[in-house]
Each structure stands twice: as structure tokens, then as C-alpha cells.
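Structures incoming, each one as C-alpha cells.
There are two complexes below, and they share chain A, which is joined by chain B in the first and by chain C in the second.
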Partner chain A sequence: MGRPVGIIGVGQTKHGRRMDVAYPELVREAVLRVFEDSGLEPSDIDGVVSGTMPSMMEGVALTHFYFADAMQAVGKPILKTETCGSTGVSIAHTAYYWVASGMADVVLAVGHEKMNEGDAQATMTTVAEPFYQRYFIAGAPGVFSMQSQMWADRYGIPEAKIRDAAAHISVEHHNAAFENPYAHVKIRVTADDVKNSRVITYPVRLLDVCPTSDGACAMIFVSQNKAKKLGRKTAWVKGVGYRGEEYFFGDSDKGLWQGAVLAAKQAYDQAGIKNPRKDLDVAEVYNPFTFQEMLFYECFGFCEPGGAPDMVLKGTFDKKGQLPCDPSGGVLCTNPIGATGLIRVAEAVLQVTGKAGEHQIPKAKTAFSHAMGGVDQFNGVMIVGSEL
Partner chain B sequence: MSKKVAIVSVAQSAGPASKDNFYDQAYRVTRECLDKVGMTRDDLGTVVSASSDIFHGGISCANAYYWETTGAFLKNASRQDGESLFAFMYGAMRIMTGQYDNCLLLALCKGSENPENDTCTLMFGDPFYHRNLGLTETTSAAFQMQAYMEKYGVTKEQCAKVAVKNLGNALRNPYAHRRGKYTVADILNSAPAAAPLTDLQIAPKSEGFVAMLLASEKKAKKLTDKPVWFKGYGSSLDTYFLGDRDLLKTQLRTAAAQAYKMAGIKDPKKEIDVAEVTEPYAFQELLWCEELGFCKPGGAGKMIDKGTTEISGALPVNPSGGVLANNPYVSRGLQRLAEGFLQIRGEAGEHQVDKKVKTALAHGTHGFAGQCHAVAIIGV
Partner chain C sequence: MSKEYKTLMTEIRLPYELAYGPVWTRFFEGMAEKKIFGTKCTKCGRILVPARSFCPRCFIDTDEWVEVAQTGTLTAWSYVNYRYYGMPTEPPFISALLRLDGTDVDFLHLIGGFDVSDFEKTRKMVKNGMRLKAVWSDDRKAHIMDLKYFKPA
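So, the complex of A and B:
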């Protein structure tokens, strides 16, 4: 694994429709908070990792230029990591490898997106090439609906049961968002509200889908020596996994999604996790769609393939369940894409350092974080723990 | 540095517009790079590619598009945006952790499917202040060139000599996009662009697919008799607003200082045997040489007059023809490094420099007037 790597600071913006700030100001808000949280100063930083979604999202390309000052990165070494929706977790991975390699002791990781400046679905449509796929894979909901249908069909899960389980997840996450000061969508919903909300792409309805958010997240990764010197509460990186598969949507099995399975497996092997449901205390799964969240539970070994709806309805993944998932409200309530994966890691860090406030899971020691990207193409995982 | 990392194999495509599609071009360099050391895709540890959505033919998430073509299917892989030397650094880091014993690097840019480079670089500008001025890499370089000539009295003829040298060197490089035997007058009389720049002082828009295999010390010795070692790296980012910067005191100094420190280089002028620098505008080669410490500030005009940076000179710069001859935007940094690798191994063919090459420097830059710089040093 290389040198041990710790995480000693987290900074998030208040996510939402942030028309009160320009894009660099939004980035600055998260960066100032991470310095405040860690007690470090810009001069302590050895290198900066930056990342976002494609330039079409906000209409500014290679944004590390634009945010050089907001990230306090002037005169610093920089890496710019982008892997579509999984960008956030890939940024965390880059910062991790930078410290683990011995090339830096203190690395600042910054992810950001100001989605209300542009048209997210139009941008995502341009991820598909213009010859074959773009005509029928437009935006995110269509893709994830097809995946959900494939999964339901594979395991013969009755539609009514999936519907109930999806509504359960939606209600649970929307309630959780009230306990997260940085979350975007804060509305109380009932299961009936979810089931009767407007259809986006059958069977996905409005309350099964994440919002379009503005937000940024910043974190500081440090070497063991540096962590010791600082003497602050530290989360330790225990496992790192990433997998990408074919570009053409029809080429791979998205029902039991091998990229997700193998990304988690790599991280579990490093972290020594044998039984994820027991060994993990909390998980922040990248869940822009309720249906897809269940599929991820199965790919990550939280339950048997096809078994997620039953477990969801039993409350296994509720805040007070055996393995609480997305107690922050998750992506379903907050989704500034380039920051979203990093926010998952940040939330995992808050949990294992006991700093999650109202949405703290008691005695959380090992936390799982994840992000997904592309047209169902990429999965990245980072596991953090309270002990080295 | 905790662990040694070597470059063991490289492959690159030619610069002119190709009728082959992106996948074929990407696959071909990937395959060639692995074949040269007898490796298959199954042996690959990890993959880091470099590309940029703004230079990717209107398809967003470039890495999604080419993922499996570059051998990354079901691998732990990642992507760097904008500068391909970033990918070199990231790949080396992954090996240094001990988790992987090899890493395939790819730089991918199909210039012929992109709009003009400056249509893309215009998008670096924020939409409120910079973009409305029409600020691009070319117009900001023109400001920088004017400031450079005024401050140091470097002449436009001396700047043009860079294009004469590099386009001439490119005659010996089979991968070059633009090449030719030009005089200083030819360069200065070529079509006016952003004054004082003329057309032949501005890099073209090229195709460029570069594959490079990195390996740990143990693995490298199994794969090749001639590993080329990673010695040093540095990068640095400058402040964003052009008017806030001293265009003649760039972050290349910072990036170079980091790389020299890591490589233990005290006197770059003596210790670097060959340099491949990213000079999308002819005068920038002069300015970058100064910032790299090859001569004193303002001294590069005299240096090129003396022929020091010629292919047969004491410190050859861009024997491949550099970026003036071949400009696949994102790929150009890694292409410089690939050229350095070939020079050290004595495999640069007709553009092999006359002297023995032990240490090579590769430089990449992107952004207005060089907002970001990266420097890599490799050696025997």
C-alpha cells in the first residue's frame, strides 16, 4: 500500500442553487473551510489536486487555471484529475497516491461543480458519441432506468416491491438531509409522495432522482509523520479501488455490474474486509437514483444479488440499521457532480472521526465511500478507518 | 524518492491529419508500446491517460470514449486533464507506492477533429472578463513576446531563428507535422497573426497519440536492457488574471527548481544534455530556456545566435522540431518526454544529437502565457 495516508480536514460549501456566488467564490468557500478545519495554512500545502466534470458543464475549460487563486494553488505543483461522475473519488485517489508514493506530505484535494450555470443533461448527452449512442442515450435518467429494468428482470423482482423499496430509500434520505447542514434538497416526503411523483423516465420518478446542485468540497491528505506532528483527529485510508469498463452501453452486464464489484473487491482486499455488511460501520454510496442504489448494495456485497429490496424494506440500510447507507442524505439530496464523489469520501471521514454532527453514526470506525461515472462505465471506492 | 521508476518503452503517432479513426490510432500506439517489450494487456498493472474534453472532437468525458482502447478495461486506471506530463507524474506515483510494477501512460489528441486550437483556448477564459477581450493562448503569447523583446532587446529575428531551427530539425523527424527549410525572412514574412507573431512562429494543430510504459526497478530490468530512469519532476501553477502576472517571470522557475532539486542538478546548463521544451510560439523557446536556467534572463537571443541550441550544439533544444513542428495540444508534454527517452537510448534516428546523452529534460506548458508548467528529468 505504500506509506500510510491520513485525512485531517474536510471543507464543504453549503450546496444548492448558489446564485449568490460566482464559481471561483464557491471553490474558495470550501477551501477556506478545509484550512479552518485542519488548522493548516496554504503555505503548508505541497501539492493540489483539482477536478470537475467536462468543460461543457459550465462553459469554462481546464478550470484549474480559473481556480488557481481560489484553491490557493499559485506556485504549487498541481494535478488535474477527471473521470466523469467518478471524478470526486478519483481526486481523492490521486491525493492518496501522491502522499503514499512519498512525493508529498500534505496534499489538498478540491472538487467542484456549479451546475446551475449550465445544462447538466445536455452535457451528459455529449458523453455519448454522435454516431450510434447519442440518439438514444440522452442524459442520465434514461441510462439508469435501463439499468434498473435489466436488474429487476434478471432477478424477477416484482415491480411493486422495487417501488416500495425505492420509496423507502427516498423517504429515508430526504429525512437524513435535514440532519446535514450542507445538504441541498431539504423536503419532507412520504412514500406515497415518492410513488406518485412525476415520471422522469419510467420507472424512475422525480423523487427517485438527485437534484442539480452547486457545490465544492476540499480535503487535506497527509503522511503519517505529518499527522503525528499535527496531533489532530485523523481518518486513515484503508482501501482504494477503481475499475472502468466498455464505452458502449450494450457491451457489458449492468445488472451485476462487474466494474462496481471489482472496484469494491480491490478496496476490501486492501482493507482486510471479508464481510462488508458486518465489517463496515457506515457507507456513502453514490446514489443519484434510488433504483441504482439497491443495485450497488448487491455489487458491493452488502447483500445477495437480487436481495436488496427485501433488505431495504427490513431497514438494514437505514440510519439505525445494521449498515447505515448515506446518512448525509447522499447524492439523492445533493449532487454537484465534480464534487460529489469527494463529498462521499468527506462524509466517510466525518463519520470515522466522530465529526458528523446530527447525522453521526455512533461508534463508526470503518466507512465506505464510492462514486460512479460515465454512461455506467466507472466505479471508484475509498475505505477509511479511525485506526491506522 | 522512495522507489526508482523507469521508462521502458514508447510509441507515438505522426502529426498530420490522419484518416484513421481515434480508436485505431489509440490502439496502434498502445499495442506498439507493449509489443516492444513483449507485454500483453493482461500484464498491465495500471493505466493513466491524458486528454482534455475541450480538445476531444465535441465528445465530453474523453476518457470514457477511449477507455478500453488503451488497455484500461477493468484496470484501476485514471486520467489527467490538460497536460500529459501530469499523467507521467501520476503514473510514477502509482508505481512508487509499490502497488503496481508497471503503468501504461497514454496521451491522446486528434487535432483534425477539433476546431482551431484558439477556439478551444478561448474557453480557458472566464466568461466575464477575459473571454470578451478575445484572450487566447495566441493573443496572450503576443503580449508576452512584445514584453520580452522590449525588456531584453531580444530581436524578432532572434525569435524567428527558433522557427528556422525547429522546422529544420523536423525534416529529420518522421512524426513531424510541419517541417521545412526556411530562412529568417521566410518566417518573418509569413502571414501576420497576432502581432508581433507571424504564422510560421505559431504551432499548428496536430494529431498526437503517445504511449509510454513505466516500470518499477525490478520489472524494468526484466523488460529492457536500456531502462531510462525518472530523476526529477516539478510543476507549478501561476495566478489566473493575465494582468496580475509578470509575464517574464514565470512559474517555470518554480517547476524547474523542484525538478532540479529532486534530480540533484546544480548547473542545468552543464548537466542537461538535451532539452525538449513546449514552444507553441517561437519566442517562448528562448524565454523558457532562460527560465530553465540554460542562460541568464535575456540571454537566449545570443544563445541561439551562437548555435548553442542547434542539434549539433552544446545544448540541443528540440532536436525533434518541438511543438512548432508537432502540436497535439494535450499530448505535447509526453511527446517531449518520449523524445528525451529516444535521445538517451540513441534511438532518435536522423535527429539523434551528436553528443552522448545521459540526462534529458522534458517540459510541458499550457494556459495563457504559460500559466502552468511541468518539467520532467530522465536519465541513464
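So, the complex of A and C:
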């Protein structure tokens, strides 16, 4: 695991349609907040790591250069980490590796996206294989809906029950977003609203889908010595995992997704997690689509394969359930993609440091965060805890 | 956020010439002749389709060519009912993963050959495990769309 690494600050923008600011101003909003939250200043930072989804989302390449000023990276080493949807978790991993290696004591991690400035699905389709697959992928919804359909058909569970469980997740998350001051979509929906909304990519309907968001998230990772000197409330990195599969969509099973299973296992082994549903207090699962969230619960061992719909309907993963998932409202309500994975880590940090406000899970000590990326290709996990 | 600020309308257009290489050139020449080719990995024994120059798992060259069946079984599907800028296929359409008979990976293409304008009717027709058969275009250009779609067999 290298040296112990703590996280001492979180800054988020108000996420949403942010045509009120230019992109560097959006990034600076999150960076100012992380300095405010941590009590540190730009001169305290040893290195900066940032990332986005494909840069062409906003039509500017190499965005870490574009934001050098907004991130106060001038005169410092700078890195960019880009792993598609899992970019945010990979940014956190990069910052973690940098401090854990002993090569830096204080690293600023920044994730950002301004999806409303381009055509998000057209951009994301350029991730897909160009000769054989791009014609049929149909953007992120197409890929993840095929995966969801593959999963939903696997265990002989009636389609109506799975549909009800996905609607339950949508209702829960949309309600939860009202308790998160930074969340994008704040609407009250009923299960019937979800089930009657327009088909986007079957089985996914409009209210099963995340929004197109603008937003940024910044965090500060520190060494144990630095954390001790600062004496502030610190979340500690307990485990990291990242795993994936072959590039061609169709080369590996996505119903019980081994990339997700193994990424979680790597992090669990490091963190000493034996029974995730009991040992974890809260989870921020990357859930741009409701059906896919259930598939992830199974891959992460929150329940048995095929067990997710029943447990969702029993409320196991609700805010007051045994393992609350996405009390922030999750990706379903806020998805500035390059920031989204880092927001999952940030929300996990807020939970274990008791700073999650209205969506705080009482006495949360161990929190799980996750993001996935590519054409159903890679998964990243970071587990944080309140104790070293 | 009540005040509206200015926005800049801009555009980036870039041409690309992507090299197929020898294996994929041969695969697409096969498409023009209404043939679907795979390659077999001599280490793991899997038949990969479309043909690959190397096995992604064993990392060895796969130079044993196999013409694979034009029939297969549906693994997963989605009814696509939205559009984005430059979308190459006109919605609504059905994206599908299917396992061509005798092969060891799923092949991504379309299901068609019937009216897909009504989602509810389509949902009743399309089931995982259903048998499918390739339908070819009359105007073939050694391109993935030489295969029009797979129709229920």
C-alpha cells in the first residue's frame, strides 16, 4: 500500500447547466472551495493531477493546460489522468499513488466537465471501436442498456420486478438529491412516473438516466506527517482497486462484470473488508443508469448474483437501509463525467468525516466509492475510512 | 443565474484515414463476398469474430482463418430511441450482441427485417436466445454495413 495517505479537503461546484461561467471559472470555483475547506494555500501544493472525459467534449484538447491557472498549477508538476467514465476515481488513484510513493506530501486532485457545451453522446461514441462497433453502440445509453438487458434476463427474475426495483432506485436517488446542496437534478418523481417515462434505450427510460451536467470537484491528498501537522479532520485511503477487460464489446461477459468484481476485491483485500454489506457503512456507486446500479451491487458483493432486485425492493440500499447507496443522489442526479468519479470519492470522504450535512449517514466510518469507464471496459474503486 | 451571458458557437472538423491492416482488410473483403471470417487462437482454442491478428487473452498471433456461421443466438439487445449529433444509424433501431454458431465471443450488430417503429410490438418479438440469420446488402462496399442486419430465423 505504500505510505498512508489522507484526504483533508473537498470542494465541489454547484453542478448543473452552468452557462453562467466559462470553463476555467467553473474549475476555479471547486479549487477555491477545496482551499477554503482544507485551510491550505496554492503554495502548499506539491503537485496537481486533473482529468476529463474525452477532451473534445468541450472542444479544447489537453484541458489540464487550459486550467493551469485555475488550478494554480504554474511552477508545479502537473499530470492528467483520463480513463473515460472512471476518470474521477483514476484521478484520486493518481493523487494517492503520488503521495503513497513518497514523491509528494500534498497533491491537489481536480476533475471537471462541461458537458452542456458540446454533444456528449457524439463525443462519447468516439470512444467506441471505429471499424466494427461505432455504428451500433448508440452512445453511453446504448452500451449500458445492452449490459443491463443482459443482466436483467439472466436469473429468471420477472421483468416487472426488475422494472419496479429500478424505479425504486430512481425515486430514492431523486429524493436524496434534495439533501445535497451541489446536486444537479432536483425533481420529485414517483415509481409510475419512472415506468411511464419515454424509452431512451430499452430497458432504460428517461427517468432511469443521468443528466448532462457541468461541474468540477477538487480534493487534497496528504501524507500522514502533513496530516498530523495540520491537525484537521482527515479521511484515510484504506483500499484502491482498478481492473478491466478487452476492448471489443462482446469479448467478455458484462452480466456478472469481472472488471467490477476484481476492482472491488483488490480494494477489499487492502482494506480488510470481508463482508461488504456489513463492513461498509455507505457506498457511492457509479450509477448513470438505474438497472446498472443493481448489477454493480452484485459485482461488489453487496448481495448475491441475481439478488439485487429483491434487496432493493426491501430497502436494503435506501438511506435508512443496511448499506445506504448514493445518499448524495448519485450519478443519476449529477453527472459532469470527468468530475463524477471524483465526486463519488469526495462524497465518501464527506461521510467518514461527518461533513455530509443533510445526507450524512450517522456514524459512517468506512465508505466505498466507485466509477466505471469505456465501452463497458474498466472499473475503479477507492475505500476511505475515518481511522488510519 | 438569471442573467444570460454570451456563448461562442464554434466547430471542429477533422478528417481521418484509418488503416485496417492485413487482418481486418481480409475480413472486410470477406464481407463484400457475403462471408464472415473469424480467427482461431491455437492456445485457448477460441474462435474470435471479427477476425483478430492476435488473441487478446493469450497475446499470440491468430493466423488460422475460419469462415463462421451466418446464424446465431441473441445474447443481449437494446431498442435505441434517441439521437445525437452525427449518429451513424437512424433511430429507432435495435442494437444486439449475438453469438454466431461455433464462435466464442459475441458479435455486435443490428436486428432488423421487421417493423421496429412500435417499441411495445418489438419488445414482444425480441427475446434473448432467439435464433438470428444474417441479411446482406445488395450494394456491398467491404464495410460493416454490408451486413444489413440479422433477422429472426
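What we mean here is this: the second predicted complex is superposed on the first by the 388 of 388 C-alpha atoms of A that agree within 3 Å, B and C clash if a C-alpha of one lies under 4 Å from a C-alpha of the other, contacts with A are read in each partner's own complex, and residues count from 1 in each chain.
FYI, a contact is a pair of C-beta atoms (placed from the backbone, for glycine too) under 8 Å apart; a residue touches a chain by one contact, two chains touch by 3 or more.
Predicted model, so just to flag it, every value in this text is computed and none were measured.
> Using the superposition on chain A described above, determine whether A:Gly59 touches chain B (first), chain C (second), both, or neither.
After superposing on A, A:Gly59 lies in contact with both chain B and chain C.
> Should A:Phe249 be classified as contacting the first partner (chain B), the second (chain C), both, or neither?
Second partner only.
> Quick one: classify A:Lys363 as touching chain B (first), chain C (second), both or neither.
Neither partner.
> State whether chain B or chain C is in contact with more residues of chain A in the superposed arrangement.
B
> Pick one for A:Pro130: touches chain B only (first), chain C only (second), both, or neither.
both
> On the A-aligned overlay, A:Lys320 touches which partner chain: chain B = first, chain C = second, or both, or neither?
A:Lys320: touches no partner chain.
> Is A:Arg198 contacted by the first partner chain B, the second partner chain C, both or neither?
In the superposition, A:Arg198 touches chain C alone.
> Of the partners chain B and chain C, which touch A:Ser101 in the superposed model: first, second, both, neither?
Touch partner of A:Ser101: chain B, not chain C.
> Counting contacts the way the document defines them, which residues of chain A are shared by the two interfaces, the one with chain B and the one with chain C?
56, 59, 130, 246-247
> Enumerate the contact residues on chain B facing chain A in the complex.
Residue list for chain B touching chain A: 1-3, 52-54, 58-61, 63-68, 72-83, 86, 89-90, 92-94, 96-99, 120, 123-128, 234-240, 251, 254-255, 258, 366-368, 371-372.
> Using the touch definition up top, name the residues of chain C that touch chain A in the complex.
For chain C paired with chain A, touching residues are 1, 3-5, 7, 10, 12, 18, 20, 24, 28, 48, 50, 56-57, 75-82, 84-89, 91, 93, 95-97, 105-110, 119, 123, 128, 144-145.
> Any idea which chain A residues touch chain B in the complex?
Answer in residue numbers: 1-3, 22, 24, 48, 51, 53-56, 59-62, 64-69, 73-84, 90, 93-94, 97-98, 100-103, 123-124, 126-130, 240-247, 258-259, 262-263, 266, 373-375, 377-378.
> For the complex, which residues does chain A have touching chain C?
On the chain A side, the touching residues are 19-20, 56, 59, 119-122, 125, 130-139, 141-142, 145-147, 149-150, 153, 198-204, 246-251, 254.
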